[in-house]
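Across the two complexes that follow, subunit A remains constant while its partner is subunit B and subsequently subunit C.
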Partner chain A sequence: MLRFLLLRLARALLTIALVVSFAFVVLRLSGDPALLIMSVDAPPEAVAAFRKAWGLDEPLWRQYLSYFGAIASGDLGRSMRDGRDAIVLVGERIPATLALTVPALLIKLGLGIPAGVYAALHRNSWADRLVMFLAVAGFTVPSFVLGLLLVLVFAVQLGWLPSGGQDSWRHAVLPIITLGVGGAAVLARFTRSAMLEVLGQSYIRTASAKGVPWAQVVRGHALPNAAIPTVTIIGFMVGSLIAGAVVVESVFSWPGVGRLLVVAVANRDLAVVQCILLLVAATMVTANLVVDLLYGALDPRLRRGGSR
Partner chain B sequence: MTPLLRLAGLSVAFGGATVVHGIDIAIAPGEALGMVGESGCGKSVTWLAALGLLPAKARVGGSVKLGGEEILHAAPARLDRVRGGRVAMIFQDPASALNPVHRLGRQVQEALRLHRGLTGNAARAEAKRLFDLVGIPDAARRLDAFPHELSGGQNQRVMIAMALAGQPELLVADEPTTALDVTIQAQILDLLQALRRELGMALVLISHDLGVVAEVCDRVAVMYAGRLVEEAPAARFFASPRHPYAQGLMAALPPLDGPRAPLLAIPGGVPEPGALPPGCSFAPRCPQRDAACEAGVPMLRPVAAGHDIRCIRSAA
Partner chain C sequence: MPALVRVALGWLALMLAVALLADLIMPYGVTALDLRNRLAPPAFMGGTWLHPLGTDELGRDVLSRLIASIRMSLVIAFGATLISATFGTTLGFLAAHFRGFVEQIVMALADFQAAMPFLILALSVLAFFGNALGLLVLLLGLHGWERYARIARGLAVSAGAQGYAAAVRQLGASPLRLYGRHVLPNIASTLIVSMTLVFPEVILLESGLSFLGLGVQPPATSLGNMVGYGREYLTRAPWILLSPASIIVLTTLSVSLVGDWLRDRLDPTLR
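Showing the complex of A and B:
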């Protein structure tokens, strides 16, 4: 078990290192922050001084090494815009993002799983078809389209809810729904197919053959087995709690991590972008690690260490 | 003698295709009946239908009476009392017939709770007794094992223990040894016979293996393309099968002694359920057919006491 954990941990760190390296290279190659942050007609000496101050005049490999050295010692760099620590800047935005993504996750789970289970249990009924139609619709409509549509109906036409900003809980309603619906659709489809797969298994028939009432067959025999593949998708959703709202935050002018990321990329504010990507990679990797551990809890076939 | 269970005119259709055409058969208390036929002849479907275990899209007709009481299309609550209680069923592949995420003891104890109201330590003690009864070594420890930790033969013993939990009057065993090694097959068959003697339980043994049926059963019923074609006491059947299909099956068995000879096969293949020939379903493959065979589906008729065949050619 310990060996398994250490191995997973090493792999997790490697994944994060790869993500950070990739981000580093792409960002350095895609534009000069000095020219973006200084004005275009700034004197060349000022641009050169800026580059020197941020270490941008050094060769790429040396920048890379010193960047990794800094990360290893816990220093994620400072924003080139206002000189504050990137980690502080990002940290300030996390609560706003979680205020959207956590309720949205609850919608995904609370709507998607029951809908998928119900559809599977009533396969080919009109309810199943309705759920699947909504799921496909919710899955295929991009979140910015859905967000704008909701704004059009509930903010512009009906005037019930504000279209953007972060002044009250009412401002959070539309972005949360926008985020939740798409995920619920994905989860409903996934849960349905996992349930259908399990309901066709021989052990379900065995349970019926020994006189277990159907409701108990579903609860005690089908759901625990269908949970195993579904957990993968849920883990992915939990992993994207921090950065899963980039588009929606932009549509609704919500000052969260996603908006910060968009602005920082546009400005080539390297430290901030890298800090966010590091955070995203870390949450995703952590979620995956938890999923792996959950597999062991849910499925005895994957448990290590043999029988008790 | 009132039969324990009687199927009358039991038919099953999937979509438009009828796969079981009116099965009439009865089981006496304590009797062992073998249901024989090749894959797809409807022998398993017949019994799954009788116990209401087919998916909802199957259309089942006819009658299934348990001790004079109709159970086909009975209310779910009543069926759940019957299934696992008065009639238990075990299946072909024990590894996939047991729930992979639950401990074996828990799966057996579930049946004990449902049918005998046993919970807690009493249920665990009874589950252990059942494991001992079906010959699972180290029973107490096996209660906490998961299906993937046991061999196929051991899992089939667990299935049998689970089936016995409700003290059934009838055990329907659907190809119980097909997925197992030959040596394990013999052990499981011996176990089923011993349990039947000990508990006075009736047995329906569904198998495509005539040898298995010959070893265990009192009576044999042969199915072909969804119909019973011959039914006879086992000794009589194996001495002189009367239906040409049954004769073909027996002829196809390799002889134990004498010189080596090429195996005999019945020419042709089983007709599709949706495209049965007119008249006798076996006629196209039958060495004894004549024009009259295609005139209509033959009735099941007696050729001796307790010996019925569905053939117009075979002499009485």
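Showing the complex of A and C:
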């Protein structure tokens, strides 16, 4: 188990290192930031001063090392637009994003998992077909279309809810529904196929053949086994709590991390983009690590075997 | 073949025809202005047949823009899907052929790609490089490669243990011939099923990026682009947004339905 954990941890750190290198390579390949930020006809002395201020006049490998060093010490650079620390800028936006993504995650879990389990237990019934149809529809309707349709109906036609902004809890309702419904569809589809897979196993047949009540077979044998693949996709959803609302935040003008990212990309504010990239990578990797720990708890075979 | 799949295939054929014949069937130019008929409603909402799907704020014909957008979105999605299938399959074969270190690297990269939300990676690349059309296609072509790589690697490894691969190798065929002429045709059905799963995702990604204003740039237009533009006129002219939105939904839905059906037909192991 310890070896398994250490391997996973090493892999997580490797992933973070890959993301940092990816950001550095892309940053270097993209041309001279000095010329991107300053106008083309800026005086050469100003460009040189800019390069010196941001350490762009040193050799590449020195830049790479100092880049890694700076990130390891928590210095993610300053926004090239307004000069504030990128990490502060991003940090300010996190609560707003979580205010959308956490309730949305609860909707996904509360709707998606029961719907998927029910559909699998009543395979080929009309309820199953309905769940599957909604699940496919939920996957194929992009979030910006769903969001705009909700705005059209509930804000424009009925006038019940505001269409954008962040002034009260009522502003959060439509974005949360938009985020939650799409994710619930994905989760329902996934849970259903995981359940069907488990229900086809011989130990389920054995359990019900020896007279265990069906409800108990489902609770004691089917659900725990179906939970293992489902946890993976839930881990992915938890990992994207910070970055999963980019499009929805833009639709509803919600001042979260996603909106900041889109604006930073449009303005080429590289420090902010890179800070968000690293933040997302870190949450994703942490979530995956937790999923691996949960695997150990859910599946005794992994605990004993040590590796998969 | 279920009726729903027939309808889906019919819709896809229609979209393909529209994309191929775009220049012939477009009633107006994409940027042609008709300033006397600005924000004209579609024919079925009280407008005239002069502009069957209405016009936008500048009096540009929505139907013509829709046709051009369908072509643009389909070209991008086809291009990106082909790139990612080629790239992923090649890497998967390389991993299967060389094993050891190469395999470890390819699989680590695949894990990394699968772990990062693609939209975030795409946005950061666009931030650094700007959004030329070719770059956008290449970038979207990175989406989903890890799935082909995993499938191709797994299947090529198991094919290597089968008689035909050994026989071809012992007859002196080069690795290129072995993988290209013998292994690839044998695993093609599984790869095609994966393509039908990746294709709608690419359409959704492209339309999402274009919706955010970071994908296809004006004056060129794509489906997501039109939705993003139509959003400004949501109250006064919802038709600008509704027609491209329904095309996106119907097309991704059709590809998904056909893909599910193909998967059940071609590949019982994936079910």
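General observations
To be clear about the criterion, the second predicted complex is superposed on the first by the 268 of 308 C-alpha atoms of A that agree within 3 Å, B and C clash if a C-alpha of one lies under 4 Å from a C-alpha of the other, contacts with A are read in each partner's own complex, and residues count from 1 in each chain.
One rule holds for everything that comes next: a residue touches a chain if its C-beta (ideal position, glycine included) is under 8 Å from a C-beta of that chain, and two chains touch if they have at least 3 such contacts.
Remember, predicted model here, so these are calculated numbers, not experimental data.
After alignment on the shared subunit A, the placement of subunit B and subunit C results in a side-by-side fit free of clashes.
Of the two partner chains, neither subunit B nor subunit C is touched by A:118.
When both complexes are overlaid on chain A, the residue A:224 reaches subunit B alone and has no touch with subunit C. In the superposed model, A:154 makes contact with neither subunit B nor subunit C. In the superposed pair of complexes, A:295 makes contact with neither subunit B nor subunit C. After overlaying the two complexes on the shared chain, residue contacts for A:68 are found with neither subunit B nor subunit C.
Seen from the C-alpha centre of subunit A, the directions to the centres of subunit B and subunit C diverge by 80°, a value given as a multiple of 10 for the model superposed on chain A. In the superposition on chain A, A:203 contacts subunit B only, with no contact to subunit C.
Judged by the number of subunit A residues each one touches, C leads among subunit B and subunit C. Nowhere in the superposition do the C-alpha atoms of subunit B and subunit C come closer than 19 Å.
Against subunit A, the residues of subunit B that register as touching in their complex are 48, 51, 53, 76-77, 79-85, 88-89, 91, 93, 96-102, 110-111, 114-115, 144-146, 148-149, 159, 162-163, 165-166. On subunit A, the positions that touch subunit B within their shared complex are 201-203, 205-214, 220-221, 224-225, 228, 298-301, 307-308. Residues 108, 111-112, 115-117, 119-121, 123-129, 200, 204, 207-208, 211-214, 224, 227-228, 231, 234-235, 238, 241, 245, 248-249, 252-253, 256-257, 260 of subunit C touch subunit A in their complex.
Chain contact summary for the complex, subunit A toward subunit C: residues 11, 14-15, 18-19, 22-23, 26-27, 29-30, 136-137, 139-145, 148-149, 151-152, 156, 163, 239-240, 243-244, 246-247, 250-251, 261-262, 264-266, 268-270, 273-274, 276-277, 280-281, 284-285, 288.
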